[in-house]
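In the two assemblies presented below, chain A is common to both, partnered first by chain B and then by chain C.
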Partner chain A sequence: MKALVKLSLVWRSRFGYLLFGLLLAELSVCSLFLLMGQTGGRLSSAIIGVALGFGLLRIAGVARIVLRYLERLVAHDATFKALTDLRVWFYRRLSEGAAAGLGFRRSGDLLSRLVSDIQSLDNLYLRILIPLAAAFISLPILVIICLHAGVGGALTLTIALLFALIAFLLPYLTARSTYRLGPDLQQAQARLQIKALDMATGLREMRIFGAEERMCQALEDDQETLYLLQKQQGRRMAALHASALLLSRLGGIAVLCACVGIFYHKPDIIAGVTIFFVVTSALDMINDLPRAGLLAGQACHAAERVASVVTERPLPGGYINTLPEYFDIQCHQLSFGWPGKGLILEDASFFLKSGEKAILLGPSGSGKSSLAALLLRVVSPRSGYITLDGINIEDVRDETLRNKVAWLSQNSHLFDDTIRHNLLLGREGIADDALWDALEKAQIADFVRSLPDGLDHWIGENGSHLSGGQGRRIALARVLLSSAPVLILDEPAAGLDLETEKAFLETINRIDRRRSVLLITHRLTGVERPDHIWRLEKKKIVAQPI
Partner chain B sequence: MAECLRAHPRPTLSGLTNRASLPLALSVTLGGIGATLLIGQMYLLATIVTDIAFRHHTLYQEKTLALLLLLAVMLRALCQAGADSCGDLAGQKATASLRLEVIEHLFQVGPVGLSHQNSGHIATTLSEGIDALQPYIARYMPRAAAMVVTPLLIMAVVLKLDIWSFLILAVTGPLIPLFMALVGYGAQSIMDRKWTELLLLGASFLDMLQGITTLRLFGRSRDSVTLVAHMAHQHRQSTMAVMRVAFLTSAVLEFFSSLSIALVAVAFGARLLNASFAFQDAFIVLLLAPEFFMPLRNFSASYHARQNATSAFKPIIALLKLPALRDLPPTTRPSPLPNIFTLEINDLRAGYGKDEDTLKGVSATFRPNELTVITGASGSGKSTLLRLLLGMMPPRQGSLSLRLTNGRTHTIQDAPIGWVPQRPFILADSISANLRLGAPDASDELLQQILEEVGLWNTITALPNSLQTILGENGAPFSAGQIRRLALARALLGHPQILLFDEPTSDLDEENARLVASCLARTVHTGRISLAITHRHDLLEQAHHILHLSQGRLAPMERSAA
Partner chain C sequence: MKADKKIIKSWVRQQNRTSRSITMSIALLGFVNVMMGVVQAWSLAHIFAQLLMQHVSDVQMLLVIFIICCVVRVLLSYLQELMALSAGQSARRRLRHHILERIMVAGPVLLRQNHSAKLATLLVDRVEMLDGYFARWLPASMLWVVAQWSIVAIVAWQNWHAGLVLGLCCLALPFLQAIFGIATAVASRRQFLAMSRLQTRFLDRIRGIATIVLSGNAERDAQDLRTAAEEFRHRTMKVLRVAFMASATTDIVMIVALVWIVVSQSHALMHDHSVDHASAALFAVFMVPEAFATFRALSASYQDKSHVNETAEAVHTLPQPSSSHGHDPAEKEEGAHAVLYDGRGISLVVKDVSYRWSEDRPPTLLDINFALEPGQTALLEGVSGAGKSTLIELLLGFIQPQKGQIFLGGVAMNTMSAEAITRHISWIGQRPVLFAGTLRENILFAHPNAREEEIQHALEASRVSQYLADLPDGLNTVIGEGGFGLSGGQAQRIAIARAFLKNSPLLVMDEPTAHLDPETEQDILEALKLLLQGRTALIATHSSQFKTLETTYHMTLDAGHIVSQEPKQ
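Presenting the complex of A and B:
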């Protein structure tokens, strides 16, 4: 609930428009009441032989359609405006906050989960807030209409009670039940997804070890668990929906009973039939609210997940605008651990002179990438400090640092765009010559030239139209295009076959002698030509003879 | 697996309903009964009202009808709940059987056929993609049926009561689909186009999120926020374009439905005033008229379920269209053969698709208790040879046969094969589940014995949950070398008579490579044929034979030349 409130605060500037949508929704409901009231009145007067014009009926009918159309248009527009705000807000918080360290430790699955979470929040206003608010306003209107028509207090009370049961109690019950079942359902879904992923990646092994049948069975079991939970939820929903249907019919029957003088004081026949039409349409209108409860339960979880990602506070920015053109890097007794986890670096120190190339070795998971994150100031050390020519990295403005330290890793993202746009990343005023020069240095220019569209070749989702080595070279060209004097290369060749890897590392050897390079890797191939080799051992950095 | 093997005709989106025809039929039937009960309700209601208002009956006289009405109301609620549940069930049943069919097909396509597919995409298609079809079957289909059944039922009743109202409904009813088709013909193409656009935009938002670290480290955060804002704005406009069409059609629908209800009412008004028509019948018809249009409205509301399903179905069909390998051997694990004399490969030729042969006539003989190392540059056909030995693809020509000491011959698939790949696949499960992948019945003692053999036992018992430790992405907390040894243990657990190693020491540092190599050397015994494909020198020293593969041809190699 807290998360929902927090997210809805993002929409402060849209409150006016959102209210307008709500107003239209309410007007549309009122026109429905008017229409149904008129229909009832018209019908009952026909019964007792009083002729009435159809004018009002027609007006109310047309008004209802037009208002309904406008309401939906405005309400949806408002929702999507609000969602746009939410997306931009979410993206901004992520990109500015410490959570930009995401690429260092979280997988893409989480992100796609978040995208659908944000998408599911469009239910919040459209399918939960509007119908619920409309119900809240409709209840007193309904009561006033009933009392005004003179159908008596007892009947009014019955109708109000039924209305409240359908519009508020049943949705509340649904929301509570889905909220409780939510984590179980999500877990079952995640398990199925993991099994599917295992299935897709481990097909070779399953075949060779004759495990296909068992894996298929395991997936079937997981599917069964998920479907059982869904069935459980489906049954509750069906029961609640049927109760809503039953209650709304009971409302209609109660009015009819009153009309013929059973249980209730018998009202005037015209008023009675009018109220009958109004009440049945009002109760029909709120019949779908239990579904809103279901969505509310889901939206709560979605909001919690989205809010939890953006709670990480952004790092404080520095004030120093300028750094020397080339500089030495000193790490002094760094200690670091990811939030909530143990230390992975303890009193780690090194000194990299300007223009030198160093290799940092260590097994996977030993904290090499964390060191890269520290040097890029995506995270802060728990103790110790990093200086650039004596200037503490914490004091340097973010943008200044970004222009001086470039980063390449296997996680460097290639966008679903052209080669040109992947190299430029939105920068302007860079001549094609410079792009070709960078491609040349990354030894991929010949390949790009051979493409029919050259620089404007579309490379697909994370470079899927390219081979692994080609994609890595494009990413390298992007890094070389920047004038950054320091390059941090974090396992840039991981996942490439040996020949390609060697060729790639030889390309790195040829990088401009004035640039400092820190190459992070878990093994040596023999083609590297470093000035230093460091090994990360027991959370410390140890120099190793070359 | 029996479930897996059940064949279905080529699946289409609407053909999915065949997989769950029973619950779906039940759902539609219950919906039909619900509609009948609704008509009954209206009839009883009108009768009671007329009786009491015009015939001056007392409630006591109407008690049977009143009880029937109450019963009809309750039954209808039950039918509704039943129809919903059956719809859900149908959705689950159809998607469950489709999922198994896709998996079964993937097994048929085999690892070689899938090597160019992104496993993440396959996983998403298998889980979320197939789940997206559920609402289509559970909601859209029953509503599509109700759109036909309910109005026809109502028409039939109205025809009995009043010919004029029947005519009005009969004329305006079909007008709605007709008009919607006229508007919708254009609208459909707009919707389809916009829908694709929406999917693209959703994907690019994900693309931006995934690249957020890259953008930030290039100092492009600020510009990228503008870009995201622009994208989100575009997304909104596209969505609204779709919505406007949808709203317009539903407004048209409402207009027509209220117009025809009004027409029915007007027609009655005149005749009721002339007292030329019974009030009761008029009342029933007026109560039924709005219900005539209700299923149409419900149907158009669930339209997006179809759109979602259509787009979710495309990648599923793409997977199902991957060509299956016909000659893929069965996957049951064979029992050991007695006294193998040699493994002989004879004039093997193999290749992919329509390309020329990758292996151009390869012959060799391998003996038990010996380690043969095959070297070769990438592209020389090493992986193809390995795939043939593993039975993952059939040769175009030639044979792989096992000769026993008694002179009998068997195919290579008749003996248990072990395999230690370059990048072992680690299940997102416990260490013991990973080990038991090929030998589900292996005892704990055997596990310990083999883990000691590969030198992992002490490492594993030092973990807090020892064998029950769940392995993370890429086999964390194990290092690359330990994972390689774990894979070796997994292969050994199946007591393989033929053991294949694919680059067993690559990607490892010296220390780990030495450990793996010494483990490997220790396993070359007990009548096992061992074969390693590598380019590393650390293994060559331990090899009994070295063969060199070059441009699809195999030749023996002198140790000094290596």
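Presenting the complex of A and C:
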């Protein structure tokens, strides 16, 4: 709940508009009360032979239609605004702190899950806050109407009590029940998803080892586990919903009893009929609130997960705005380990002179990538420090550093967009000539020229319309487009076949002599032309003769 | 495209048919519920009429009827909800089974055109999304017309004037819906596309957030995101302004009916003071919301309907289940028994084999010929795109050649069932798929009934045993998605252990060491040498280290042809 409140603070600047939406919703409720009250009142007056005008009835009818329309329009508009705010807020927070770390550790799936959490928070305003808040305001209005009509305190109290039970207690119970059952359900669902993904990726293995039937059976077993939980939840929801319905009927019955003169003091019959119409429509209106409780229970979990990620503290920013055009990099006795894990670098040092090219070798999982993370200041070393021409990297502003140190890895993402936008990544004021120049240097210009749309060719999800080597070259062109004097290439050719990898590395050999390059890789192909070869051994960096 | 739509429609219809009985029962309960509502309104109208006219005769009795109706209706709704729950579940269960079958029949070739994540989404999320369609939409669509017009008829019978008004309003509803609905349908579909594009874009940005942050463009991109979302909001609101008109028509029609009936009945009541007339007027008013309730339920689950078409489209990208093999499976099984091999391996003969993936593309393989005697090992080289993977998929029986034949142990492969073929083959790819589960389960995957000593042998021979001690729980360490991360070399050794355990006479390998560093590769090679003993093998590889193997052939594939085939001395 705390996380939910915290996240709704994202909408602080929209409170006025959100309140306006709520106001319209409440006015629409009031017009319904008026309409139903008028219906009951006028009709019963006519029955006892008293002629009254129908003006108010007609006005109430028109008002209800117009207000309901406006309410929906404003509520949706506000929802879209809230949705934008939430996404942009999430994006910013992620990009400040957790993102770099998460992205570095290839948590693409974790990130996707977070996105679906954000999506489930979209409901917050429209389906949870508005109905609940409207019910909260409607209750006193209903009480005033009852008292004003003179149906007596006892009946009013009964109705108010029933209203509160349906609008607040039942949704609370639903929320609590879904909140408690939520993790189990989610886990069961996740297990089913993992099984399905395992199955889809392992289709070959399944066929080869004759495991198709076994795996299908296992998937269907997991499905049954999920369905059992769903059934439990569904039964509980049905029971809660039936209780809500029963309570709202009780309200009608109570008014009827009063009219007949059972249990309650008998009111004026016209007032009784009027109140019956108002009360039944008011109670019917809040019947769906237990469903809002269901959503609230789910939203709570989503909010907790989102909050836990974005509260990861960003590294303190530096203050130095300018770095020399070209600079030497020196690492002094760095020690590093990911949070909660052991050291992967211990007293590692190296010196890379401006314009030199170095290769860092080491088996997979030995901590080569964490060196890249340190140089990009995504993480801080536990001890030791890095200097750029004598300036400590910790003192440099993130943006300044990232304009000077460019990064390319097998995890470099290609966006589901055009080649142009993939190269620019939002930068403006760069001429096409510069783009072609970068593509030329990455040796992919001919291919791009051969495409019917050229630079505006759409490359698909993570470059799926390109071959592996082409995708890597586009990513390289993106890096070369920046004027960064230092390039960190972290296994840029992993996953390519040997020929393609060699061709790619040869392209890298031709990179501008003034730029420093640190190539991180697990093997040499024979085409590299480095100034240094370093090897990561026993958490230290050891120079190796070329 | 039109034919596709027809197929999709007939598929949806077939789904509807299969769940018809439970849909009918839910709709029937709904109808009984509506009829109880009629009785309820009737008793209520009489109570109020008698009280107002001060002509009380059987109010207590009517009150009891009213209360009973209330309780029964609550129970019926409860029952309806429970039935909808199980209707949704059984439909999803059936659908998932159907999709699973189609995926299994199509087999591994599916991965050529489909991303595995897409298949997994189809199998889980898309099926789950259809709950509302089967649980709510189908019963509601069956019920609403009948329920609405039954109410109109009953009201007309009690009070023909009010019945006429209600009937007119109900008649107007579809027209008004159509006028606003058709105008918005196209736009809202486009809007839905824009929405999903925006979502995809957001997801894409989040996945690639490290790339953006590290290129120093995060803030600019956040601005872009806001602009795109704002623009989307503006466009959507334009559509919604009209779309809400469509949903407002239900409000309009209902309120018009209500006000009209109240006004006209009141005028009539001024002249006719009878209890019957009064109760008929009240009854008509109480029935107005009931008359539109079923339609409201239908509109509420409208988006459920769009899901079913999307799923149907996705299902139809999977190949049809019937088109896999030409022969009767029983007959194929016969063929399998004749496959000849002994402890030295199996013979493999590829004769004039050609394959093309589609008619409009050049053949991937053209007239491939080679023969391996039992126990021989061949290396297959060729740049990517030369057709190596296609050749391997042919050998594994995932696809069938359009021309030529492959003989396994002297038996033509097209006479064997898929199971019979794979029974004789082990395959090691670039990176094995490790399933979520323990290491033991992952190895036993190849042979679930293996004896303990067989497992031990496989662990030793594949050198999995070398790193077992480093794992937190040894053989019971959970690996795969969400489990302990294994390095490429460690994973590949699991693939080798699987092959040992399966113990089949033919080995097919596709770049088994492509992702490994030289030392690890050397290690894997040692394990592979052991595996090759007494087996026939075809290994596609670029690595020079494999040249140290005792091989029979070096084949090089180029643009679908075998360009060199040197026997080794």
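In the analysis below, the second predicted complex is superposed on the first by the 544 of 546 C-alpha atoms of A that agree within 3 Å, B and C clash if a C-alpha of one lies under 4 Å from a C-alpha of the other, contacts with A are read in each partner's own complex, and residues count from 1 in each chain.
The criterion applied here is as follows: a residue touches a chain if its C-beta (ideal position, glycine included) is under 8 Å from a C-beta of that chain, and two chains touch if they have at least 3 such contacts.
Please read these numbers as outputs of a predicted model, since none were measured by experiment.
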Which superposed partner A:L19 touches (first chain B, second chain C, both, neither): neither
A:L147 touches, of chain B and chain C: first, second, both or neither? neither
Touched partner set for A:H522, first chain B, second chain C, both or neither: both
Which of chain B and chain C A:Q230 touches, first, second, both or neither: both
First, second, both or neither for A:Q217, with chain B first and chain C second: first
Touched partner set for A:L197, first chain B, second chain C, both or neither: both
Interface residues of chain A shared between complexes with chain B and chain C: 35, 39, 42-43, 46-47, 49, 51, 54, 57-58, 61, 64-65, 68-69, 72-73, 76-77, 80-81, 83-84, 87-88, 91-92, 94-96, 100, 102-104, 108, 111-112, 114-115, 119, 189, 192-194, 196-205, 207-212, 214, 216, 219-220, 223, 227, 230-231, 234-235, 237-239, 241-242, 245-246, 249, 253, 256, 259-260, 262, 269, 363-365, 376, 378, 398-399, 402-403, 406-407, 411-416, 425-427, 461-462, 464, 478, 482, 497-499, 522-523
Residues of chain A defined as touching chain B within the complex: 35, 39, 42-43, 46-47, 49, 51, 54, 57-58, 61, 64-66, 68-69, 72-73, 76-77, 80-81, 83-84, 87-88, 91-92, 94-96, 100-104, 107-108, 111-112, 114-115, 119, 189, 192-194, 196-214, 216-217, 219-220, 223, 227, 230-231, 234-235, 237-239, 241-243, 245-246, 249-250, 253, 256, 259-260, 262, 269, 361, 363-365, 376, 378, 398-399, 402-403, 405-407, 411-416, 425-427, 461-462, 464, 478, 482, 497-499, 522-524
Chain A residues touching chain C - in the complex, by the definition given at the top: 35, 39, 42-49, 51, 54, 57-58, 61, 64-65, 68-69, 72-73, 76-77, 80-81, 83-84, 87-88, 91-92, 94-96, 99-100, 102-104, 108, 111-112, 114-115, 119, 189, 192-205, 207-212, 214, 216, 219-220, 223, 227, 230-231, 234-235, 237-239, 241-242, 245-246, 249, 252-253, 256-257, 259-260, 262, 269-270, 272-273, 276, 363-365, 376, 378, 398-399, 402-403, 406-407, 411-417, 425-427, 461-462, 464, 478, 482, 494-495, 497-500, 522-523
Residues of chain B defined as touching chain A within the complex: 1, 3-4, 41, 45, 48-49, 52-53, 59, 69-70, 73-74, 76-78, 80-82, 84-85, 88-89, 92, 96, 99-100, 103-104, 106-107, 110-111, 114, 117-120, 122-124, 126-128, 131, 202-221, 223-225, 227-229, 232-233, 235-236, 239-240, 243-244, 247-248, 250-251, 254-255, 258, 262, 265-266, 268-269, 272-273, 279, 283, 286, 331-333, 377-378, 390-392, 417, 419, 421, 424-425, 427-429, 437-440, 473-474, 476-477, 479-480, 490, 494, 506-509, 535
